[in-house]
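Both of the next two complexes hold chain A, though its partner changes from chain B to chain C.
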Partner chain A sequence: MPRHPGQRFALSQRQAAVVLLLPFLAVYGLFLVYPFFKGVWISLHDWNLMEVAFNPDAKAYVGLENYERVMWGRNIVWGALASPVLQIIGLIGVCLSLFLHRTGRAGRTTALTMGIAAVLLFVLPGFHPGEEGRWFDRRFWPTVGNTILFVGLAVPGVTVTALLLAAALNGETRAKATLRTLFFLSQVLSVTVVTLIWQIMFSPRQGLIANLTELFGGTPITWLTAEGFAMAAIVIATIWWSLGIAMILFLAGLQDISKDLYEAAALDNATGTQAFWHITLPNLKRTITVVVVLQIILHFQVFGQSHLMTNGGPNDSTQVLVRYIYQTAFRDSDLGRASAMAVFLFVIMGSFSILQFVLGREKDQ
Partner chain B sequence: MSGVQLQNITKTYGNVQVIHGIDLSISDGEFCVFVGPSGCGKSTLMRMVAGLEKTTGGSINIGGREVTRLDPSQRGVAMVFQTYALYPHMTVAENMGFGLKMNGMPKAEVAEKVNEAARILQLEPLLDRKPKALSGGQRQRVAIGRTIVRGPEVFLFDEPLSNLDAELRVDMRVEIAKLHKQIGATMIYVTHDQVEAMTLADKIVVLRAGRVEQVGAPMDLYNDPDNRFVAGFIGSPAMNFLKGQVEDGGLAISALDSAPATDLRLPADGTGVEFGLRPEHMRVDPAGRGFRLDLVEKLGGVSYAYLEARTGERLVVAESGESDLVDDMEVGLSFDPAQAFLFDAQTGKRIR
Partner chain C sequence: MKRTILGATALLLAVTGATAQEVTVGRFFGDCEDAGTDTKASVGEACIIQSIINAADAELDGVTVETLPTDWGNYYDQIKAAYAGGTPPDVHVMHRHRVPEFAGIGALADLTDDLENAGIDPADWEASALEAVSYNGRIVGVPMDFHANLWHVNMDLMEAAGLVENGAPVLPSSPEELLEHAQAVKDATGQDYLAADFAQFPLGVRMVLALIWQQGSNVFDGDTATIDTPEARNAIAAVTQLFDAGLANPQLNYADSQQAFLNGEAAILVNGTWVVDFYASEAANPETGLSTYHAADFPTLFAEGATWADSHMWAIPSPLKANDPETYAAALQVLAFINDHNIDWARTGHMAVRTSVLESDAYAALPHRDEYAGTAEIARDTPPSERYGAIQDVLNRELQAIWLTGKSVDGALSDAELDVQDLLDR
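Take a look at the complex of A and B:
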């Protein structure tokens, strides 16, 4: 390229790239990479938030002791039938993934992922305290269980509802456009507003749900304080809240499916439900994968709904991992142990991120 | 017996009428081509036969059955789409068998029919591939295979070759013609390409602005067009038209020095006419006068000479063989007046 006379510095393409990337890299490093490694470092220390704040030397290196105190216990043994339901489901999962792979119904990555998940489901619940043994932290694994239960309910809930809504609202009429906006609107609310709305909705005295129940002669359920219903209540609020993005992604996916395919299907005697099953769903496979993995990553971080609606109760039944981390760090001032749990959460979410990356690159054969 | 009868078919979108009362009868085993410029309603008309567009008025009969209000799948038709519309998530075999599967046919029977169609179209090595792994021509063949498997009464082709490159288009055109000979079913074929229409059709339906301009066998349309539009549409390169009028019971064509002799029954003096000459029915006369030779395109077997008349009107002349004409020459034109066509300039109707 000819140089202009007034041009003093000429950057090569590579140099220009570095210059343009620098601001991002600086922010990314300062606010993400550095805190992450700092967190890992803290998790290796006995680190009381208050004491260290006043006296930086009041921390002690303890190695992996925090991890042991969070995740392990005294006399922990493993049994193949310690938690029969989960472990049997795990075993069935292992067989199923082998079967699906052998018969060619699932790709290699899918089968492998399923297999690993199934093996974990078989192995992990098998650990339990033996005679005179106990967990060092009795609340950690139940909290992990609650979080997984929450994710397990919220993700399919959001995905299925958003998919059905998107299928119903995919069209050019004004009514559909209005409804799309309405359904997306909840997404922009903050968690405080969402939980407030749903606390009122679930209120046994003035709530809409209670009023409807009474109208039909039923006794109102005390959603937020009944142990069997509290988790359901925060799942419902969450589905309502995070429907929008998933719906938009599905709508984008639906627009990508050519109209010709539906016309060809109509000639092939597949309309309505048949067309949805044979044409829409298979062509949305990639979008569904993206939505599911994104939702999993998002919902493992659930905090506000549990913190604001139920305070983790009743009887810890809605206590979730991030809330437990928050309490350990800022109520109990045990920053070391909280960081260890945070690293644990990172590993879970990191594996789902990797999964999404792999599935995103995998070309469907 | 699986002919198609259209009776007074109309179609309106809102208050715009796009099809204006079409009557048409296609007999059993006939290859019928709908041809016309874009927006003439040819695709809409075929989609109404398929049931993909609702029919506003009139009735459609297929094989003696009234199907106007039936679902697409119940009409006994199968269609090849311009974009092929293959199901991307299914293999070739699944694509071809999907319709039968949806109609509840047992798997073994479906497989048998798919294999039979694959044999006809030489698709056997591709049966396990997904559409993505096929070339344009192969996809086209799968789309055709999908229709054969269904064993329909009527095959519909919606501009099936327009996504293929020129060479492949000729190959596929021949294959479709062969296929029609082989299975002898009724076929309706939509195209804007008059060459496809001429080469494939038993019967051509020329459409313009939602109306039928003329129906007939290809050579009948070529030799005996009813109006200026059909004359200009059928034939390549297109017919040349020169403006003129009837004077003293004879023709006066401004671009021509001498009035062409004619034994047609001419209308009253003063009527505006257009004098139509096909490029292949004229000769350039190097010794003559009256036209400037703009350009000569030499294609080997034939050369196209582009002429400009004194009136500014342009003509194309097809000279067979190699031509020794030079650009910018002053030339004349010779032709046999018996091969010329005459049209009313106002109505476009042929004057016979």
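Take a look at the complex of A and C:
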């Protein structure tokens, strides 16, 4: 007698969950977890890309030497005022977080996160080579600095522009819908196309910006080769490129805000800027946090803009971490050292993910 | 519609599938759409090489050739990643300066004993071409050209400044004269004397290197970096004096500097042999600012003649020879075809590698060829090194820092010396 098929394959909820999760876990494990641990493993070796491909025995275990060669140097000392500006900002940050916590203006986690960031800002820039000393890799920390500067400019740039656009384009008219699509369009382009467009825009000879400058009697700026403008140029291109997603997130957030609030405010004569400031912004707090943290994690991985528009120049002023990793791995074939830098980048991005987790939880309480 | 696609696919399979041996080709030189198969009509590096490859695909029996998409700027990264992943193209182009890096670990097939059978005669290659493709006494590639830095000249601007004698440009013989000539051009025409890519690719590096070699010095010697030297300072000063006097603009990249020259805004463009045919065809175009074009040897500003030079060559990965004799044989046929078309490749402006081609009338008749006949004599490069690419990048970064960001020459040279020493020590 045939058994009822439903009975035969009856699974408990837990079993069903495992079965359904299995495809995801397999792909996740194979393409993310395994390569990650392999990367950490490679970072502990002297591993030449080409040599190991032809002779698997050509690698040698070196422990943490790659990390030392990348991040440390000879005769590195610490000084409380080695780079005064950053360290003083760090000190002020420590005091501020203590003050905010004491006066009850910041929650415990917020104050703690701020405090940790401030302490790091005080401690880390204090390291410098002493007499007769030098960094083993004199370009690594400046490259990290450039990456942070890029993130520091691009993230507020994207967030503010996207927020303003979203607020302006939130509505049901056809014009607004068309404009929303237009602003999102740049997001779907690949980095090669985006950088090509902006290289032409910034070109001092044929570029739109140069033509406009000349029209108003100015001398065109050579954006991509001038030290003061190259970083700005890749930030501008990045903002234009990554507006779309942030704008969509903000639009979703805006649509969650009840119309009643605006109507009530309108009765009190609060419209336009006032309504934006007192109703829209506070209600979007959570969306803003999400957008900012996502953007931070995304932009730490900047590569194409720097690689294709400025080649990291001039004088390394737009050299960023992922490009340095790429060059070390593929140009210099030094996979071990490149993996050590990649692990460092992972730690930075990982700490921002934790931050998002912490901030998200605090809001729930 | 579906039926059409199926039919077309079936037809395609019937035509190419059964017998043809497919050879994949990796190359730089840029893209050329519709290169055709006429190797005599195409213009510019990209189109000439693609027309040769297309002709090989059409004319070689039982061999189809497929050009893989590659990007010039990241070519070696791509090729190395392909080698590391075990999927290199069956045939690929490379520079002579990369031979130590690739052949040093046994990545390139030893072609020495197979060339003759494939119809390639190494005895016809110039001695220096044979040397370029040899590693430890074995032949690991088929040379395609010598290329070098030239001075491309706008004769109208030079004429206006009184710098033409007997139909040839008068070029400087010392750094002081360089400045005088530059000033003369500025005074007579208001245009810059010299343009080059000082801001993107290492063309400025190659110019400074030539001036260092002209003084009998070099940037490294064996395992020792020798960058922070009086010779390097002289070489850099010869270039920066033009920037300081406003007679050249360091901020132009490759495309912009070329455009400046073609617009008639610079009397000299320092660039390679690869653009001679392109500039000649642009000069013939009445719409471009450049109308009288001349190609000249890189002038000697110091004691001895020297200009940066390199070679393009074709190689086959060693795993292909070891594991797939049929494709290897087909790949050799493709190399033989390219070798047979050395004269066509020389139309770009590059110097040929085969004695029979160099001595031919067709070669002598190529436009502007006689104007830079001295270049082969003065061709130079840095010593062979597995770190060539990284060393070039260091020099490019530090030299650009000098003229683009005002970094002190002392600071840049000592940083460059440290960085290159680090690379040599690795």
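We adopt the following convention: the second predicted complex is superposed on the first by the 355 of 365 C-alpha atoms of A that agree within 3 Å, B and C clash if a C-alpha of one lies under 4 Å from a C-alpha of the other, contacts with A are read in each partner's own complex, and residues count from 1 in each chain.
Definition applied: a contact is a pair of C-beta atoms (placed from the backbone, for glycine too) under 8 Å apart; a residue touches a chain by one contact, two chains touch by 3 or more.
Given the structure is predicted, the values throughout are model-derived calculations rather than measurements.
After superposition onto chain A, the modelled positions of chain B and chain C are compatible, with room for both. Contacts of A:330 after superposition on the shared chain: chain C is touched, whereas chain B is not.
By the touch criterion defined above, A:50 lies against chain C but remains apart from chain B after alignment on the C-alpha atoms of chain A.
In the superposition on chain A, A:258 makes contact with chain B only, while chain C stays out of contact range. Legend: residue contacts after superposition of the two complexes on their common chain; A:191 is shown touching neither chain B nor chain C.
Once the two complexes are laid over each other on the shared chain, residue contacts for A:248 go to neither chain B nor chain C.
Centres of mass aside, this uses C-alpha centres: at chain A, the angle toward chain B and chain C in the superposed model is 140 degrees, to the nearest 10. In the superposition on chain A, A:285 contacts chain B only, with no contact to chain C. With both structures placed on the common chain, the touch criterion links A:267 to chain B but leaves chain C unconnected. Here chain B and chain C are compared by how many residues of chain A each touches, and C touches more. Overlay on chain A (Cα): least separation between chain B and chain C is 50 Å. On chain A, the surface touched by chain B in one complex and the surface touched by chain C in the other have no residue in common. Chain A meets chain B in the complex at residues 258, 260-261, 263-271, 274, 278-279, 282-283, 285, 364-365. Across the interface of their complex, chain A is touched by residues 73, 76-77, 80-81, 83-86, 101-102, 105-107, 199-200, 251-253, 255-256, 259-260, 387, 389-390, 393, 397, 400-401, 404-405, 407, 415, 418-419, 422-423, 426 of chain C. On the chain B side of its complex with chain A, the touching residues are 50-52, 71-73, 77-79, 81, 83, 85-90, 98-99, 102-103, 130, 146, 150. On the side of chain A, the complex with chain C involves touching residues 48-55, 134, 137-139, 203-206, 222, 224-227, 308, 311-317, 326-327, 330-334.
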